[in-house]
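Alright, structures below, take your time with them.
In the two assemblies presented below, chain A is common to both, partnered first by chain B and then by chain C.
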Partner chain A sequence: MELELKGMLTDLQKLKSSLSDPSQQASIDQIRSRVENLTSLAMTGPTRRTKLKDMSAEVVDSNPYSRLMALQRMGIVDNYERIRDFSVAIVGIGGVGSVAAEMLTRCGIGRLLLYDYDTVELANMNRLFFRPDQVGMTKTDAAVQTLSEINPDVVLESFTLNITTVQGFETFIGSLKNKYFRKNKEGTGVDLVLSCVDNYEARMVVNQACNELNQTWMESGVSEDAVSGHIQLLIPGETACFACAPPLVVASGVDERTLKREGVCAASLPTTMGVVAGLLVQNTLKFLLKFGQVSPYLGYNALKDFFPTMSMKPNPQCSNGPCLERQKEYMLVKPERDAALKAKMEEELSTIEIPIHDDNEWNISVVDDCEVNVVNAQSSDVLPEGLTRELPDADVYQQPTVSKESVDTVDDLEDLKRQLEALHA
Partner chain B sequence: MELELKGMLTDLQKLKSSLSDPSQQASIDQIRSRVENLTSLAMTGPTRRTKLKDMSAEVVDSNPYSRLMALQRMGIVDNYERIRDFSVAIVGIGGVGSVAAEMLTRCGIGRLLLYDYDTVELANMNRLFFRPDQVGMTKTDAAVQTLSEINPDVVLESFTLNITTVQGFETFIGSLKNKYFRKNKEGTGVDLVLSCVDNYEARMVVNQACNELNQTWMESGVSEDAVSGHIQLLIPGETACFACAPPLVVASGVDERTLKREGVCAASLPTTMGVVAGLLVQNTLKFLLKFGQVSPYLGYNALKDFFPTMSMKPNPQCSNGPCLERQKEYMLVKPERDAALKAKMEEELSTIEIPIHDDNEWNISVVDDCEVNVVNAQSSDVLPEGLTRELPDADVYQQPTVSKESVDTVDDLEDLKRQLEALHA
Partner chain C sequence: MEGWDPTTKSTLTQIPLLTVKAGPRDGASWTQRLKEEYKALIAYTSMNKSKDNDWFRISAANPEGTRWTGKCWYVHNLLKYEFDLQFDIPVTYPATAPELELPQLDGKTHKMYRGGKICLTVHFKPLWAKNSPRFGIAHALCLGLAPWLAAEIPVLVDSGMIKHKDDAVSTSET
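And now, the complex of A and B:
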């Protein structure tokens, strides 16, 4: 379009110089002003917002960050603007990864690194994010196009590559190590890696890279029948890695994708993918901005609206070498870390004043009314000798389960944690 | 742009007729061909996919429905294509409603009715769906623009109006009654109403309309601190309506919006809004396509990743007149419906063959090994006399709680339901 408009101006200039009649020359000028109008129309394109230097908390319709900065006034987050310091890498820009990228972009994350080698197809249109006019583009290009329009403040880096190839893996590792964005950052150049891939092989590659780099990451997945999914936090050496407890059935020696493509395809739903992406980015925000409880594992069963949680310790017989090295390192620093955490919690416990309830507005009494109540109150905690519970209490179900294999000072810490939670409740 | 191009063609024609030199006339023709090129460029716009007459299950990259039709082959849904028969009304096209509309559009819903009177602002950009280039458009226009590009097969109707005004309410009711889309449909012209509004007054209006029309609807909400939300199914006469159990604190006599706008604003997050929209549309799909368990109420506590469920019976003292009428009607048809349901469940129970486990691959035994196990197994169900549990069992926590007030044949039905669920588990 630009070329045609420029060509037209040249043509008009030539034609005007060949004319002598002033009224004909005036006609040319009129046409030229129309071309100039068109040029300015074509140049503006879709309205884009300008970059913003700071995140303002001002409550005006023109502030894209007012509803996020409000999290501070609501007491949810201590310092929301810190989000601009963080870099998050998203591997796999499909049904979950693309939505996760959009959520982080709208939250004003500092920098996003995007990895995918696939192209957008009409068959992807049953999930959020990609548009029919992007069919044929690489998913990385289409994502950068959409995300940069939504929030030009986010630094976007895209890598159109397959991380499961030798060359791709090297580029992947190199990009995670690059610290240009925050030079004094400890560890790698990113704060978190989100795995949003759809196959076992790619998950094992992300696992390998993160174990080698000692990089905390989160894994996500959606079942082939589209009605369940999960997210999981993986801290090398501290939690189970992806190789510590591999799936029971995996493709042996053949490319998984060829198994999938013979006239059948996995089902998918924008709902399940959207919920999993939402839970993944919520866990990411809690992890980065330090609020709420970061879930070590959260499942989603859409048929029953059931959300199981659990946590997994690393496997001392894990087949992954770097995982075993990280486990050793973790065992060395663990006593010191536990002691510091214990001291901090004990201090917190000692400073909390237990309310005496001298004004008892609701006339609640615990022991006065009748003896039976006391027995009932106890019965939820203590069972008569010889009886044990088959199922944990409902409250315990919401807590990450601690594996009984490596019981040590953890019990002590868990006990303190429970006391603190009970007081804060 | 179109006007400028047309004007230019007229100007060129005039100029050409005033010229006699053939070389000058040829110059005009050259400019005219450039204008025609520009016109065709401006007309095409972004590539749009064509409408599709049928939903094909064919597994090709160009089929936007292959991953949805796969739900049938996976055994999740009996007949996915039925989705094209359904009409869903979405009231409030904000952080939850817009995403719900996009999910239903990508799922290929038959018809969407959209209601909102607000305009898109930069302050909305921290939630999914709207783009900065849509700032200043009404939310309904912007939604129709985006949704029709995503899936031209969906019939979109938008209403730029405030349902809490007298005129707005009449138009709202009228649009729900309109049956042109499926003339032989029972009840109203829509299959479900989704309330995605952000204030009490609008919720009460949706409640009023749905009680008057005997229209099943789902309510959704997100807290002002952005870290919790809920969805709820409301069937007039059968479940509690929104007036049966109103919030404890509501604005009295003043416009809620004026309360909100004095230099403060509610916090919001794309994650929480996305999760709530996902759970809402998932419940919608389960309700319309009859799969899984439709949740009567599902909460989302983002800080603890806790998802409470419950169900609420209608309040016989409800302040809403049409609710009381629907309750009376429901009590009249209830015995017949319960009897039919009971007969169906008994029939199902009698046809299920209880497995005898003659091959016990995992060597699981219940009574043989030792007496202590038997005691333990019982202890989870039966407590010694004089003791009761303060907390429900963990399993019961996941079940909708049945209010003890109106115990009748329901107990019988609930018992049959439990037996069936246990057998299907």
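And now, the complex of A and C:
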């Protein structure tokens, strides 16, 4: 644009010198002053800020991180700058995912991985983040465009693919495993996966991937009537996985699989989606930067402004194989975990040596935790005399299906294929 | 299964149930599962043919059997309407059902997700969930696609959204 304006000025100069009639000189001068005005306007257009090497805590108007670094001064976060080491993967860049991505970008997260296969539509405009001029772009491209303008420090990676297909899933797993960003990191290449998808199938896929990779993730959702939502923290083996107990069944008794998806006829509100995205990212920041309590489950009922919280243990009969493996691993390290906890408790206790009460009139004494657990475990299994269980024992009920393979001696795959093709003829 | 017509019910009971719980990433057990899928499809197709109710063709489009393509058709007012049929086997199969796609009808009805995936949410997904892993592709076609075609094609034809291929040819010729 600046070049064009410059060219126009030289053209005007030529025109002026070639014209003999002095009466037209004034109008040419007028045009020239207008072009000069335009040039100066073009110069003051949008400027993109450059990348910053360090997060400064200096309180000046030009520092994008001053208000975030102030969290340290307020005693909330020990070391805010650590946020630049973290990678977060966001699956589903819709009403919740896009807003979560923007929040994390503004917080200066180190790296964001974005997954979606959809394009931006005008029907998305009742939600936040995407703009009408982005209609037709893929959601990942549109998100990268906006986010890189907001904060060029964030490393953005976008994947336009459907994670439920075999090929998409492999790319998904591969990208989560890639550790180029922080080579010495343990486990996978990301610190947290956020599921912001709108359907049961995709949630099951994220669940599958995270259980296989032993990757902690958070699930989020907004109900199809747009007036309730939830977030849930899932640590494979330690808390319930998505296949152990889908959150909606727990929260409302509704079967998750019967839910309609966005696109067909679900309602949505920018408010509910914004609230859920806010809760999700708040929990993410608490998890990553280690402050406050990370909620294992947080519901949001907009009609009554009710925020239920709870925690769920994994289901020992979960249908997901990797989930059971993770549960086993978690049980195996239980003694270590207990020892660490005990050591911590003792350390805290040792600071308070003096007895709080001098007399012990009722002979109250502290019993070791382990002993209490043993007693409980027994009592929950053994029924009082005269009572029987109506339903069969769960452990007996679940029978492996693998044993039937040997029965299947009939013909090979190619033969069956030919049989079906023959029927097609 | 309440609300389903007796014919569909009796057809369903004759499609063999599957036993192997394996998805496309499970190697040898997936091959076992694939064999069972074929057996169920063969049984269902031959049953349809014997009842003069043949209504689809489907075959694996890759050696792994994770992508399937074919045709399905529906007869309305004595005219046959035929559509391409395709779907992928999801990685979490058989915990989640395949998403059946009719790409030619994409954008023509709101009972569809992007890319021509038919809406199975209400009438089929709960059934699949309750019967996993015993249901397979044949069951998905019988209980998912067939009722969808029966409900949607007459509406689409009557509203003029889709035309019979003979009509379409004659209008383009004149």
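Everything below uses one rule, namely that the second predicted complex is superposed on the first by the 284 of 425 C-alpha atoms of A that agree within 3 Å, B and C clash if a C-alpha of one lies under 4 Å from a C-alpha of the other, contacts with A are read in each partner's own complex, and residues count from 1 in each chain.
Basically, a contact is a pair of C-beta atoms (placed from the backbone, for glycine too) under 8 Å apart; a residue touches a chain by one contact, two chains touch by 3 or more.
Remember, it's a predicted structure, so these values are computed and weren't measured experimentally.
Colleague: Per the contact definition in the header, classify A:118: touching chain B only (first), chain C only (second), both, or neither.
Modeller: second
Colleague: With the two complexes superposed on chain A, say which partner A:169 touches: chain B (first), chain C (second), both, or neither.
Modeller: A:169 sits against chain C, while chain B stays out of touch.
Colleague: Could you say whether A:200 touches chain B, chain C, both of them, or neither, answering first, second, both or neither?
Modeller: In the superposed model, A:200 contacts chain C only, not chain B.
Colleague: Which partner does A:51 contact after superposing on A: first (chain B), second (chain C), both, neither?
Modeller: In the superposition, A:51 contacts neither chain B nor chain C.
Colleague: Kindly classify A:243 by the partners it touches after superposition: chain B alone (first), chain C alone (second), both, or neither?
Modeller: second
Colleague: Among the partners chain B and chain C, which is in contact with a greater number of residues of chain A?
Modeller: Partner touching more chain A residues in the overlay: B.
Colleague: A:423 contacts which: chain B (first), chain C (second), both, neither?
Modeller: After superposition on chain A, A:423 lies in contact with chain C alone.
Colleague: Looking at A:319 after the superposition, I want to know if it touches chain B, chain C, both of them or none. Which is it: first, second, both, neither?
Modeller: second
Colleague: Show me the chain A residues, by the header's touch rule, that chain B contacts in one structure and chain C contacts in the other.
Modeller: 261, 263-265
Colleague: How about chain A: which of its residues touch chain C in the complex?
Modeller: 118, 163-166, 169, 200-201, 204-205, 208, 243, 255, 257-261, 263-265, 319-320, 401-402, 404-405, 408, 410-413, 416-417, 419-421, 423-424
Colleague: Any idea which chain C residues touch chain A in the complex?
Modeller: 19-21, 24-25, 29, 31-32, 34-36, 38-39, 41-42, 45-46, 49, 57, 59-60, 64, 66, 88-92, 95-97, 99, 110-114, 119, 121-122, 125-126, 128-129, 133
Colleague: Residue numbers of chain B touching chain A in their complex, please.
Modeller: Listed in rising order, the residues are 1, 4-5, 7-8, 11-12, 14-15, 18-19, 21, 23-24, 27-28, 30-31, 34-35, 37-38, 41-42, 46-49, 59-68, 70-71, 73-76, 99, 102-103, 106-108, 121-123, 125-128, 131-133, 135, 149-151, 224-227, 261, 263-272, 274-275, 277-279, 281-283, 285-286, 291-293, 295, 298, 302-307, 309, 375-377, 379-380, 383-384, 386-395, 397-398.
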